[in-house]
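Pasting in a structure now, in structure tokens, and then I'll have a few things to ask.
Order as written gives the chain letters A, B, C, D and E; numbering starts at 1 within each chain.
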């Protein structure tokens, strides 16, 4: 099997994941897109592991770690999303803009004039 | 594999912190009979004790060189997952001091902020475990997992108040972080593919002898890894989450993000750069240099017109990261650690002062600080000192000399253009901080800020100020952290 | 109280100068240096000397200064303290110039004189013409002084010393010598108001008359003549410089004499005559001979006497009548009062004018003859310069006689043809001429003012004989004829009641206006331009940088939309861009 | 044989992944994710990484996707198609992703175009377990801290705010 | 000796800290008294440091001369390692170049504190003002006595924030926006300049491996191109901002015009000197070849500064701005002198440094006095005929103007004269014709200088008193003004008639 096959698949999956992250609104679908990206990583690792037969199974080990990592991430991520839902009533990542800087009137320096004199 | 005594020694600090974290959690959960107040005090003291142990340990072992979790390599020296060496000691000291500061900050405000005390300290200690591991890590698996251990608990901490702002801030940080992890892992997978190893030393050895085609992939992989850290430390253009998250989080958590989390990111990047993934003369260093220039310029410029204290600190911390990246781009560990140490101390102090004011004036505007020189001379004096250190002007010699070291590193590496950008940014940065200082000195329009400051806060801020003052008088301490 | 102290100090100091001159008379020449400091291989310091020239000048300065100080006791009552202090300082500065053996020490006196003259000319600072005259005087002399300073550099470095007595023309290369002396000449021209830096002197007339007397007779303008006499070895070693000096002097003497012929104010006539007489001294110096130097110094001394006298007389007119303009004086003269009321003034002024005009028997006649004689001797030796000087001085003698006669007659004598004289000095409002001035209160001045007049009048006659009378009868008769040739037209015009003043002369050849257009206006424009440039160009960059920072700041704030996916997009785009960028840099 | 198996699984994975990020029904997206992840597990198997493939199915399909579905229900995601599930930036996002894919793809093809994989069975649980506990002890231990922290964090976040503690 | 030097460095800082520790309720008068005592002590200390024997050498030509008995080049040496990791030492000492400047600093600070006894800015808060003045004093003295590039840089920076505060808080109380902008422009431009200067220092370090000025002076960084030139350029730009040299002078007029009187005095009298001192102390000896390469351009800018400063003065309507612009011209002379690299030029620059500090300090005091009395510094609003209204102040203004325009016999002359002399005969390696042109232009600049000062006197002091009636509250010269200005006036005359007092100190540069 040509090595390029799994590698290209990984690239495609990764970029689909990137597209999903950038284009989707729902926070949960964002998390799903991340899973796609992590799977691309795993695919790479497994493919390289199979390519380099060093008997240490380094790639496979790391792949297992990544899967665990993904689990931890998605657990915490879903907790945060649910919290967001509790607060905002939606899980739209695009619409959560409370923390953007509010336009404020420039505090005029002249205010102090009264104080200074 | 059997763990040797050296291995235990090398991971003693993270191990103790991890065990302590669980202990803290258990105490808080199962000692329901005690009052919140008491539990808070006990938990805080325990955390402080753990961190102090770490500091003492680091101090005692500061000159040692202890490779741990090693295995004999196919070629070359043994491959190790974690190395305790003077650089590690310096980074750990910085991280632990920063954490200590954050714990101190948390000691006087947490109760009113509706944050579960036990969980908070547990998460803080967990993150600290990750940070310490990251700073000593010498293989990519440990690096990436350590980084995650720093990140995930801190996002939980951001949202720990469980309100609207906190959850939004946490979500933003989380999404960016996950993306960065994915990007970084993708890069790591290629690095693995190209070199066939996850150990940094081996990777460094093999990178030098690659084919041109593979080298291109290796470059892209290295870029992805650096970008992953770039998200963590909020280098421009990966900085977008930072101001929002800083504003959304409780001030203590913001301080934690700005101090521990950021230091951990810098530490990880430093480990990567110095241990050979981006050797001297590689394009990756150019990338880091470009990131440095972009980061400091954008951070400082954006901070220029901010009107909220925390947001200003957020942007200025981006600017500071730019300055950190500059010596990092040339692999000068000493300058980086020194800078980091000074930055950590004064940032904790500045957030401490902000926390005091914000508690009584939740708006957090710069104008709230008007006239504080008269009404709260001590607090204002300390805050001015911290800001001046951040700006890098006398009397803040600690900041001045760390900037100086950064300049020196860059100049010695013949990066003239970066030095010029840095010089311009010194000016912009000064403009940023002076706006705040000017507000402190201005005569207030109406009632100036004046309260009875809680004694933990007084102690905390005085401690930071004293440390910064000592570092200003004896800047050589800063640079002896990592030799 | 303070004023009295300064009055006493002033008179005392001038007497001290006279005393010093007396004590130093006959003492063998000597020098002394003090307060030296070395700058590299050069020595910057002070030095004094005494020799005949010093004694002579000290005597002249002392006497004139004493006269002026005493005269001022009666003349001036307003702001007397500062006035007397400044006059004293002025005198001291001139004494410094005279006794100095160090070029820098000399320069101190030289420029302090300029500053004092500025302050004294501006004594009546309420008056616009005094203010502008003072500034003009200072700036024009300062301009010359820049050249003077450069001349000091050239000569001093050329000779390796700044001591006058050590300046050896043989040790300086000819090029440097010429350059240095020419540059010194610029300073001299400025100080002595020679062409082309002549305009300040007539405009300095709003100052108090005693000050004018001091400036014109003994100090400021005479310093130029003194300097060349002092450095005569050096100057005469450069033929070019001497020729330039001759040309400048000849042009100046004729120019100034012509201007004097058309001036309508006593002090202005006298001012131009000073310029002209100084030019005569310079022309004598430019001959480059010992006789020339002697003649120049002789003329300097006699000129000090009669010009001091004349200005003090003019001061009396100003003090008693209130103006020295012909048109005002004529009102009194027509009533026949002036001559009778101011009898002493009239007599002394007549002596002064006679001396100035070169009427035989008066001091001016002898000194002028010496100059002509020196020129003649030089010309006879085949020198073109000698011929030029000779002709110019002769012409000037005639012109001088003309304007002296003219002034004398118009100021003191009723015109035979009264009707014709109407409108001679008024351009409009001729009838105002007939206004009845209150002549009853016209008195001669108090004795403190008259005493110096008498003394100086005596000197204006007697000084001619001090040097011993040795006349070349041919030259004497020629010059007498020249005086007559000059005086007669003046008389005839006066007797016809006419005073034709060519526009060109009346405007003094338009030099003042031309300078204004050529220098003052461009400088003012440039000044405005500089300020605008600072504000709009250099300041613009700074403000622009500030504004750019603010704009960038606002821009980054705008980018911070709060939308996490924007951040993510930016980040991914950043990754791609970085990859491309690093690829470009790396390859 | 393995190549064919891999090709089929890969094709399924790509199609499913595209549907995950384009589906207008959010629950469908989650289900397509199951398909995609399963297909990737198949790919792993084709590369003789059986243990990883099993873990993939267990953890991902079994745990994560279920978690996601629960979350979808908790956030009351409608099962009907949503018009605005993607943002207005999606074309731009597609372009960015496309450029990235082209860049990466070219690089990968140039670098590894001629390499062959000859999968040998080395992916058993024994192999991986040995590697983990012989070589990768430290990351494994740190990973346990991560899981614990994430767990506690998730619990802490999910707790309702106590109105007034004690 | 070194104890005295350390004492006058530490005393003002400690005293300032102590002053801040005292509650703000301490009276203004008491604070000023305290400041006067402290700065008086510093002045005494600095006078004790003044050389008592001959044989001082600013720069040691060779090592053996250093060892020769009786000719110690530096006095009061303290040399201890400070930050070994960066190669920074705490090396302070004084020599005859720095000594007069230190005394000048101590004197001006003392005079300013004394002045504050009676006359303070309307904002009040005298306690802090005095403390800041003391900090500035310590910083400046530190810069003048540091023999380590980095220490110099640090001291250079110490004064920035205090000065910024002085302008920002105590500045012109009619124009809060303007004074804020002026203060910010000042501090930002200076910081940018000093950061660039630091880059230059680091380049020097990269080449020479040391920051120590004595070592660098004895074995300078040679070569007139490449890295040494870049270093020299950066250092020169950084210092030129401080000097300030045209076209980097734009912060100066605003800063001076808006600063309070004591601020202006210190800014003009002392702070500007840091720039020229740095040029003489660092640029010329450490990077001789590169400086020679650059010198003609530096001289060109200096000449432009002389002319532009004078021309700008001619069109000013604000007396403080005018004096500020006059500083641009005068500092241009100093830079011209330095860039001749000749004995005479350097002596002239050093002398002009001192003279400018004294005279411009006096001028700013006078301008402040006039401004306090009329509540504006606009010439048109003040009106004319000051001679009639405030005869003594008017007279002193005329005196100071004459001194400033370089009248021989007053302090301003010698510096400019020596500078022109230096330009007439620059160092051998420099193009002489170019310098002759500069000399002539600079000479014309002195005429322009005279022109604008005379214009000032004419528009301010002279005039018809009837048209400009006296202000009701205008009081002529008060006692405190007389006392504080007397030393400056005395020195102006003394240095004018006895330039050797300073010149002989410097020996061979």
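What we mean here is this: a residue touches a chain if its C-beta (ideal position, glycine included) is under 8 Å from a C-beta of that chain, and two chains touch if they have at least 3 such contacts.
Everything numeric here is computed off the predicted structure, so don't read it as measured data.
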item	value
By count of C-beta pairs in contact, the leading pair of chains	A-D
Per Cα centroids, the chain farthest from chain E	D
Reference chain A; chain at largest CA-centroid distance	C
Nearest-to-centre chain - CA centroid comparison	E
Centre-to-centre distance between chain E and chain B (centres being mean Cα positions), rounded to whole Å	43
Whole-Å gap separating chain A and chain E, where each centre is the average of the chain's CA atoms	58
Rounded Å distance between chain A and chain D, as computed from the means of their C-alpha atoms	12
Geometric centre distance via CA averages, chain D-chain B, whole Å	30
Multi-chain contact sites of chain C, meaning residues that touch two or more partners	557, 560, 562, 564-565, 568-569, 572-573, 575, 579
Of all residues in chain A, the ones touching two or more other chains	7, 14, 17-18, 21-22, 25, 31, 47, 51, 58, 61, 65, 69, 72-73, 76, 79-81, 83, 93-94, 96, 98-101, 112, 116
Interface hub residues of chain E, defined as touching at least two other chains	180
Complex contact set, residues of chain D against chain A	2-3, 6-7, 10, 13-14, 17-18, 20-21, 26, 29-30, 33, 36-37, 40, 43-44, 46-49, 51-52, 55-56, 59-60, 63-64, 67-68, 71-72, 74-75, 77, 84-87, 89-90, 92-94, 96-98, 100-101, 104-105, 108-109, 112-113, 115-120, 122-123, 127-128, 130-132, 135-136, 139-140, 143, 146-147, 150-151, 153-155, 157-158
Interfacial residue positions of chain C with respect to chain B in the complex	549-550, 552-554, 556-557, 560, 562, 564, 566-568, 570-575, 578-579, 581-583, 585-586
Residue ranges of chain C in contact with chain A within the complex	557, 560-565, 568-569, 572
Chain B contact footprint on chain D (complex, rising order)	103-104, 107-108, 110-112, 133-139, 142-143, 145-146, 148-150, 152-154, 156-157, 159, 161, 165-166
Chain C-touching residues of chain A, taken from the complex the two chains share	18, 21-22, 25, 93-94, 96-101
